[in-house]
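One chain, chain A, appears in both complexes that follow, with chain B as partner in the first and chain C in the second.
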Partner chain A sequence: MSPGALANRTFRHWSLLPAVFLFAVLTLYPLVNLVRMSVSTIEFTQGTEDWRFTPRANFAQLAADDVLRPALVNTLIFVAVSVAAEIVIGLALAIAVAGLSRGKQWVRTAMILPILVPPVAIGSMWKLMYNYDFGIFNQALTAVGAMPVNWLGSTQLALGSVIVVDIWHWVPFVFLILFAAVEGLPVDLLEAARVDGATRSQVVWRIMIPLLRPAIVVAFLFRSILAFKVFDEVFLLTSGGPGTATELVNLHLYKVFFEQNQLGYGALLSLAVIAAIVAFLMVARRASAAVQAR
Partner chain B sequence: MHNRKISRVLVLAAALAVAAITPAVAQKPFVEVGKQPPITILVASTPWYPAFEKVVGLYEQQTGNQIKLDTTPFGGMLEKARNAVRTGKSPYDLMMLDTQWTIEFYEGGFVSPLKEIDAAFDLPKEVMSFGDSGYWNAQKRWRTADGGKLMAYTVLGNVQLLYYRADVLKQAGLAPPKTWGDVLAACTKLNDPPKTYGFVARGEKGNGIRYDWQSVMLAEGASVVKDPAAGDFTVTINSAQAKAALDLYIDLLKRCGPPNYGSLGQGDVIQLLATGKAPMGDVVTAAFASFEDPAKSAVVGKLETVPLPAGRNGGQGAVIGNWNAVIPKDAPDAQKKAALAFSRWFVTYDAQRAFAQAGGIPNRSDVYTSDLAKESRLRWMPAYLETQKFARQELGYAEGALVEQILGLRLNQALIGEMSSSKALNTAAKEIEELFKKNARKTGSLPPLPE
Partner chain C sequence: MRLREIFARAAAPGAQAALPEIAHGGWAGRALVAAALFAVIGPFLWILTASFKYQIAIYSGQFPFTPTLSNYTDVLFGRRSDFAANIGNSVLVAVISTIAVLVVGTLAAYSLRRFRWPAWVSGGFLGWTLVFHMVPVLTLIGPWYIAFRSLGLYDTRAALVLTHVTINLPMTVWLMSAFLREIPREVEEAARVDGCTPLDAFVHVIMPLAVPGLIAAGILAFIFSWNEFPIALSLTSRQTATVPVAIARFAQQYETQHAQMAAASVLSTIPAVLLMFVGQRFIVRGLTLGAVK
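Moving on to the complex of A and B:
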């Protein structure tokens, strides 16, 4: 290797240093600190932090955590149902809106409004709408002679009611991704299928959806990650109740960290959540690769 | 005619006299505190905030000293306070802490004992103690004036009162309830859902049900822990009395509350009372002002208050939910002194009177025995003062926040039928005992209730 090439290579390596430094400071350090916290009990006495190495106690607490189990089950139900519904509705809307001959831009703008509303406002707004005595849903039901429904106070309905809010909030996000993908589909291919006598339904199922698969996977992954991390809406609507009916992992995490001030156990719980999301993404990625390969 | 003329002159003279006196009163401080540097106060955005803001304005006007208020929603208060004291230089010079949070700050050494800032500082004897929540005995790890240091004073001492519609009860031939049994009998009679719900109280998981139910628990003579003040942390929550209190509470909410009783929060309870849908309810004193506001209430002048009712054996119970003002240890010395100067002014009779007139709940007993108590909009005062005789602090130990989480969940599960009342109390007892064991407390528990 010539001295010039060697110097060039050395420079290339050194030029990565700022990026490596930033990565270490912004990602590695917090992660390492989280791991360190997760095996410790952290208390504040006489104005100073007191760290004790207690991995066994933290893991024992994780195993015995009575609220974590229902929270995990609820989170999985929440992610599966909300993301599936959002993909189906978002896809249907994307195809329908893309097929409009006029006013497409207006419809698209109107469709994305729910994403722009802050989650806190969404939680408060839906809480009012779900109100048993004064909410618009029960007012409408009683106006037509039906019985009012206990949307947020019933253990059978509360999680479903929360999922509906999430679907309303995030369908536009899925719609936006899929709408862009539908608009990008090769027009000549769709035209050729129509000329060959394919019905509208055949065009959708046999041509559009297979071609949209990469975009659907992207929307699915994004939404799954965000759904795992849902917090604000559920916190405002039910705070996890009644009982453990709407207790989700993130909500539980918040309570452990901030209400109970258990920083060590909270860190361990955070790592468990991160591990669960990574495992879910890996499985989803493999499944998606298998589907693509078919 | 002549008399009318004289009257007019007298009225005019009186008005001029009042006008002449008012600025003088406003400008002359209630107590001399001297020129102080500006301070910042962390305060929660609560129903009593507007009253506090007015009183702070009065302090600024009288003394010329400046105060900046950092108003924060309840949900963000604890984290702001924690961050302030853990960073080494507090951005706040005075912080309002919910009584449940104070132990963490006292025990952690994050706040300055008030006498360490000024050895001459003392609270006037008329300032109510609110279960000694402002004192900390580090050796006993307990909030008590007995051997404890003065760490804080109460800015607002909330207690629950029984609110009732005098007109509705009178029409139904009912007297204001004196026992929880009376409440059940009256609410059953008044209940006519969905038009009227006989009685409302919080059933929502967490602090809501824990706080409201504990008043019934205390009235029945039950307790969570045997004698924490003496270091005996034997768990007694699964006693027969506690079960009776829980069964009664469930009965009250199921028979007389709205169908969403299991998720009913403070806002819902206030809303049901303010709209006239509920003729009786268990609500904090601080809510009274909103019931007298025509913009927020359809029952202005119709709600009356009495102390929370007694249990079967005549015992009464109410849990204090107060806000304490503390001075962070890591605030600069001059700021600490300025915060203490404001505190000295705030606990004067005149300042507390002004606080009451602005819609706050004064912390001095002499304001409650003054002519103010006769004013219609402050007609809650006698019931409040009476309640102070038996109101107490609950969960006043380092594990309090965790115990609240346990109770808040198990009580709610019993209410919504996820588990029986016996199982809920047995489960809570086991979990609380485990917690105390982990912290090396002297603990134990009662034999489990039959499930």
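Moving on to the complex of A and C:
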């Protein structure tokens, strides 16, 4: 073997090794450990770990967990409503901004800001605005003589208020993706339709939106997954309350692990969440392949 | 139509000059854009003004108000606040984890692209990055907690660096392989013909051409690490807490300290605001490329 080929082989192995090592140690090994934890009860007594094998108790707890059901329902509502609203608003905005003759860059710059700032800062921003006594919404309501509203403290409104924050946070992201797609549409085709007598709204509904379908699917998939991962803002705004009104799967996981110190049961819940996501990924892949192929 | 074609066309300047006339939304379109801009900017202005108000002025909804820097001095220099140390922790963790993830991720992206790995290696690796990227990080925090405890790394910044590198690795690998794809293979072959070793070719020929990609991935990795909350919340305590954890503490104490929470939040957005102006081109590229892939 020539020295060049040898060097090539060495480099080849070393180049992928760090990433594989990192993934093995920090994701695969924890995943295996998760399985072991999920059938155990783990307690810390005087600084030492005490593991007991209790698969039955863990599964019994899963069946009896009465926070899990509202958490699942709330998460599904949260994901469905916020993603749908984000796609609709983001798409409308992308087309509207593409129609501007000047100032596109400025709109885009402003839109990047919510994506980049810490979600925790967004949580505290909205915590101030939703405040019952001095928040901007209640100030506006009392100014016109209406009663103040308990945005985050009422069981009927809290989930909606939290969803509004997510929509505010992520419409800009959907906008960025769809705006890039709109800017890349085949203009000659759209112009030809106009010359043939199509109205502007016909061009939008009959030509633009169908052509944008692959980009919309991508935005939809990305947002569904990310919306499911939501934690930071809701932790700050309501921590799941009042009662279980805004309890989400991730908040529940955090509480089981770090407030109730149930590492074993938490691991079982984690595995269930991972399994659900993998199942969703497999279905979504099929579905999006079908949509893209059409 | 293939998504990649659409995005390629968008990147070509001047080709789309007629688009505004076609997509022209009239007054409704302009009103929508104006409302969106107001909705995005408004909350930022609201918290910015709140951060310059005395707590009492916040509570009374006073406007106009006497501006004060006291919230900022309280947060940064107050004896009961660790915020300066929190900023130090955040900067340290974000900088080190960004550099590390760029090195590890770029090498991996290059390796997968340049060398003929068997399908189960490259497919398995990329598939696993995808799954891991989609799974909520809280599902792995239990095992991380146990592992870091037994290694003596619980409540250290090293644990944060390691976990932040891991969560940013999928994004870095995808972005870098998208950028590396645009470098023609002939460039590298020419270097090899001239006698470069693979490592030399990588460092001296590929890397300089990949700088835009490194900037895009680096900005995003830095921001994601700076913003990261659940891991830092679970694996740190007072000494090692990062900025988001500190903000949550202001918000979560028995009585929310609104004025200090506002000032701390405003300070936490500084990197994002700076990068928005300096690196906008790279950020947009990074975010949309990540989506197209």
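Observations on the structure shown:
Here, the second predicted complex is superposed on the first by the 252 of 294 C-alpha atoms of A that agree within 3 Å, B and C clash if a C-alpha of one lies under 4 Å from a C-alpha of the other, contacts with A are read in each partner's own complex, and residues count from 1 in each chain.
We take it that a residue touches a chain if its C-beta (ideal position, glycine included) is under 8 Å from a C-beta of that chain, and two chains touch if they have at least 3 such contacts.
Since this is a predicted model, take the numbers as computed values, not measurements.
When both complexes are overlaid on chain A, the residue A:Ile42 reaches chain C alone and has no touch with chain B. In the superposition on chain A, A:Asp133 contacts both chain B and chain C.
In the superposition on chain A, no contact is made by A:Val164 with either chain B or chain C. In the superposition on chain A, contact of A:Lys255 is made with chain B only, not with chain C. After superposition on the shared chain, chain A has more residues touched by C, the comparison being chain B against chain C.
Applying the stated contact rule after C-alpha superposition, one finds that A:Ala85 touches neither chain B nor chain C.
Once the two complexes are laid over each other on the shared chain, residue contacts for A:Val73 go to neither chain B nor chain C. In the superposition on chain A, A:Ser270 makes contact with chain C only, not with chain B.
Contact with chain B, but none with chain C, is seen for A:Thr238 once the two complexes are overlaid on the shared chain.
Overlaid on A, the two complexes show chain B and chain C touching the same residues of chain A, namely 49, 131, 133-134, 239, 258. The residues of chain B lying in touch with chain A in their complex are 78-79, 85-86, 104, 107-110, 194, 204-206, 258-264, 268, 271-272, 275, 277, 329-330, 401-402, 405, 409, 412-413, 415-416, 418, 431, 438. On chain A, the positions that touch chain C within their shared complex are 4, 7-8, 11-12, 14-16, 18-20, 22-23, 26-31, 33-34, 37, 42, 49, 89, 92-93, 95-101, 107-121, 123-129, 131, 133-134, 136, 139, 168, 171-173, 176-177, 180-187, 190-191, 194, 200, 203-204, 208, 211, 214-215, 218-219, 222, 225, 228-229, 231-232, 235-236, 239, 249-250, 253-254, 257-258, 263, 266-267, 270-271, 273-274, 277-278, 281. Listing the residues of chain A that touch chain B in their complex gives 43-47, 49, 57, 66-67, 131-134, 142, 148, 150, 152-155, 158, 238-244, 255, 258-262. Those residues of chain C that touch chain A in the shared complex are 1-3, 5-11, 15-16, 18-20, 22-25, 28-30, 32-33, 36-37, 39-41, 43-44, 46-47, 50, 58-61, 103-105, 107-108, 110-112, 114-115, 117, 121, 125, 128-132, 134-147, 149-150, 162-163, 165-166, 169, 173, 192, 197-199, 202, 223, 226-227, 229-230, 233-234, 243-244, 247-248, 250-252, 256, 258, 261-262, 264-266, 268-269, 272-273, 275-277, 280, 283-284, 287-288, 291-292.
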